[in-house]
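Right, I'll just put the structure down here and ask away after.
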């Protein structure tokens, strides 16, 4: 299992680097080298580490461990082909990590980040629409069954396109620099990560790399079905590039606008599911 | 659509509405009304299940009316629980009458509710025995709610 | 004796606890949620609140908000109650029991923030409380409709394929949990979280997210 | 039964639409509290329509949830508005001198006889009524401790039912007494919470 | 079926309308109007012979009336 | 019970139902709080016989005791408005 985790982390960090590079090139800047994020993480691991005096110390540290823990668990669920409900449950719990991270420090910037994170919790809702749609088609939420269904009938991307769009929006809202990334927008310094330095930051970088890897991987598995590893990675990269394009071109939305946009997505997908449910039933 | 000063696009107007704290209850109510209206159209398709748990049987001649469920004290009686096998002493509470209530029951046919509310009886059977966890949750809610009220009330001094 | 009718949604069951008619259970999924709730409940007990720093804009002054011990004790008690209610909701195997625990979560959430004197926090708590109260209509309504149309409240029966739960009851259930846990109406909750006392305030968030995860499982399984 | 149920549901749904529409229109916060009380009635009506003993057993917890939330919310409202001052006594009618002792006694006595939730509520209203009319000395802490112990007693009774069901008889008696004490205690505390010189 | 049931739902609906849109829109009128749907619910419970629930409901309604009165009188005093 | 007697009681039932309904309408339409309270009293007068008819005397007694208490509680704020 540990080899999966290390592989996932490294690929995830690499993806973050590529993401930054692509955005920079689109915007006409040279940008950092693509392995920059890996170096970053290594650098943070050896820097001085401290806990702010105003922080709620236990929570401040615990949150980092929880972040790594849940995303490792998510990867394990994916690899062992468990229930995707569990996977998305973990995704929801990530919200708590973001929130706890910001609030625990006592810093006003962290607090703003945390509050925005709570506010934008509507971004999780399309996820359930996705789960519902997949269940309607496959009759199961175990990844094994979903993969088997796709081998038999063809990729879900065709059958449940709106659900795929919903998941895409969800992934988009979790990318750095995305139009929905209000919790780490620059007017509040680094948002909820402002006070986490040194080893804590390195831990968070690892967790977020895993997160990116897991989300992209899940998208491929859920909507394209079983593919050989190299093809999976290639598709993930393509997906990432499309996300980077959007991130590069779109300005960041104002906090409440992101909520509205995400809720509207949710509403549309919900209507779609009710229609599909009625037709299939 | 046209942008006008101070109004913004349609989306930002929606955003402004949902960001107002005072609109919260109204928003929820609108959502609920919408669901209820849709639900009202599906009403004819709802079927009342005649085969219910703990059905009511009315025996107007009994002094325990409307809660006459049969049985003799310290013995069991027929009760339609969900999982009778989980409650080995099912029916004992239903059948039990305290001496006081037994006395009342022997003398007047009109106090069935009082008799059954006194310890024993079908409702106690459900509340304490078969669905005791509900009562745990419920008394805890009262406990917590009162703690909030008392804390707020006494904080001023 | 108890066999979960569907295992394709949340994985196999681990074990059951029987309380008369209410049979609670753990599957891989609910056990994971339960563990998470437990983790944060423990966290609430052992950690101390942070001291929020506020910046006075227009100058370079800043000050920290301190939480008084009495306030902290009350908040901790509420957070603990909230944690317990969440644990109850996670393992519940009965629809009505689940709704009761849900409303308990709603009320403890109000309690966690009600400890503060700041007017905007109290206002948020109040508006939230109003929604939590009216949400009991869809919440209990859904349990009642389920009981009337299927003749049972136990999830063990409802999850089986022979019983069709009306759509309106499902939607009511989701709507009710949304009201108690404030799922899409995060606006008030965002205001609430401005209150100091991070570990306790975090509990509000933990509880409502977990509730939502649970209700999705219930609704899909039914 | 079939048609009756559908008809009942239709009536309740209609009421829901009317009542919640008023909530949409409402802007005053105190009016909102009043409307939530209306919502409570509608929720109970939905349960009552099931018409079995089980429905009745569900109504009792539902009622207590409603009154608990109302209590907490109204207190939050008072603190938010800063209305913590005791209003001057504004009404004193003759019946408030003569009635309370006998009426309260009857209600409390009947409540104790009933035991359980129902008894707790009936006895609670008796105590409240007495406090309103006669004023009260502060016995807050004692009541609170008492009802705390009552809660523990109920939990004990619950475990008797779960773990040693052969002692169900003690379970019933403990539960009946504990819940009576708990509910009545909490409710009567509401009566003393109107505030006064000796708070 | 029974007179009580039909009377009950009629009173419930009328009462809800009255409580939702009280005519002089004051706290007091709304508070009093709230009693009307309560009677409707009481009749519905009576028609299904749920007397214990009925008894508890009427007692709890009295208590919740008191809780609201407590708020209203302070609001009036302010 | 004889045939005629049953009919008689049934007629009475409808009469009481009518009283309750009149009470409802008047309580809903009156504007003065005191008039409203009287309307509520009329509803009670119509409903109590229905309870008694079903044979639940204890319930009827309890309701008869609690309803005045509610009215007195409401009167606490009524007076203030009238002043």
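A, B, C, D, E and F are the chain letters, set down in written order, and residue numbers restart from 1 in every chain.
Methods note: a contact is a pair of C-beta atoms (placed from the backbone, for glycine too) under 8 Å apart; a residue touches a chain by one contact, two chains touch by 3 or more.
All figures in this text were calculated on a predicted structure; none of them were measured in a lab.
In summary, the chains found to touch both chain A and chain C are B. Between chain A and chain E, the least number of touch steps comes to 2. Relative to the C-alpha centre of chain E, the farthest chain centre belongs to A.
The greatest number of inter-chain C-beta pairs in contact is found between B-D.
Centrality annotation: C (chain centre taken as mean Cα position, compared with the mean over all protein Cα atoms).
With every chain reduced to the mean of its CA atoms, the largest distance from chain C is reached by F. Chain A and chain B have centres, each the mean of its CA atoms, that are 41 Å apart.
Rounded to a whole number, the gap between the C-alpha centres of chain D and chain F is 22 angstrom. Here the CA centre of chain C is 30 Å from the CA centre of chain E.
Per-chain Cα centroids separate chain B from chain D by 13 Å.
Annotation for chain B: residues touching 2 or more other chains are 18-19, 22, 25, 29, 32, 39, 46-48, 50, 52-53, 56, 66-67, 87, 112-114, 117, 123, 129, 131-134, 137-138, 140-141, 144-145, 148, 152.
Contacts with at least two other chains are made by residues 19-20, 96, 100, 103, 107, 110-111, 114, 123, 130, 134, 137, 145, 147-148, 153, 187 of chain C. Each of the following residues of chain A touches two or more other chains: 259, 263. Which chains touch which is summed up as A-B, A-C, B-C, B-D, B-E, B-F, C-D, D-E, D-F, E-F. Residues 19-20, 96, 100, 103, 106-107, 110-111, 114, 117, 119, 122-123, 125-126, 129-130, 132-134, 136-137, 139-141, 143-145, 147-148, 153 of chain C are the ones touching chain D in the complex.
Residue ranges on chain B touching chain F, taken from their complex, read 60, 65-66, 108-114. Looking at the complex, you find that chain D touches chain E at residues 4, 7-8, 11-12, 14-15, 18-19, 21-22, 30-31, 33-35, 37-38, 40-42, 44-45, 48-49, 51, 55-56, 59-60, 63-64, 66-67, 70-71, 74, 77-78, 81-83, 85, 87-88, 90, 114, 117-118, 121-122, 124-125, 128, 132, 187, 190-191, 193-194.
Touching chain F in their complex are the following residues of chain E: 3-4, 7, 10-11, 14-15, 17-18, 23-24, 26-29, 31-33, 35-36, 39, 42-43, 46, 49, 51, 54-55, 58-59, 61-62, 65-66, 69, 72-73, 76.
Across the complex, chain B meets chain E through its residues 56, 58, 66-67, 112-113, 116-117, 123.
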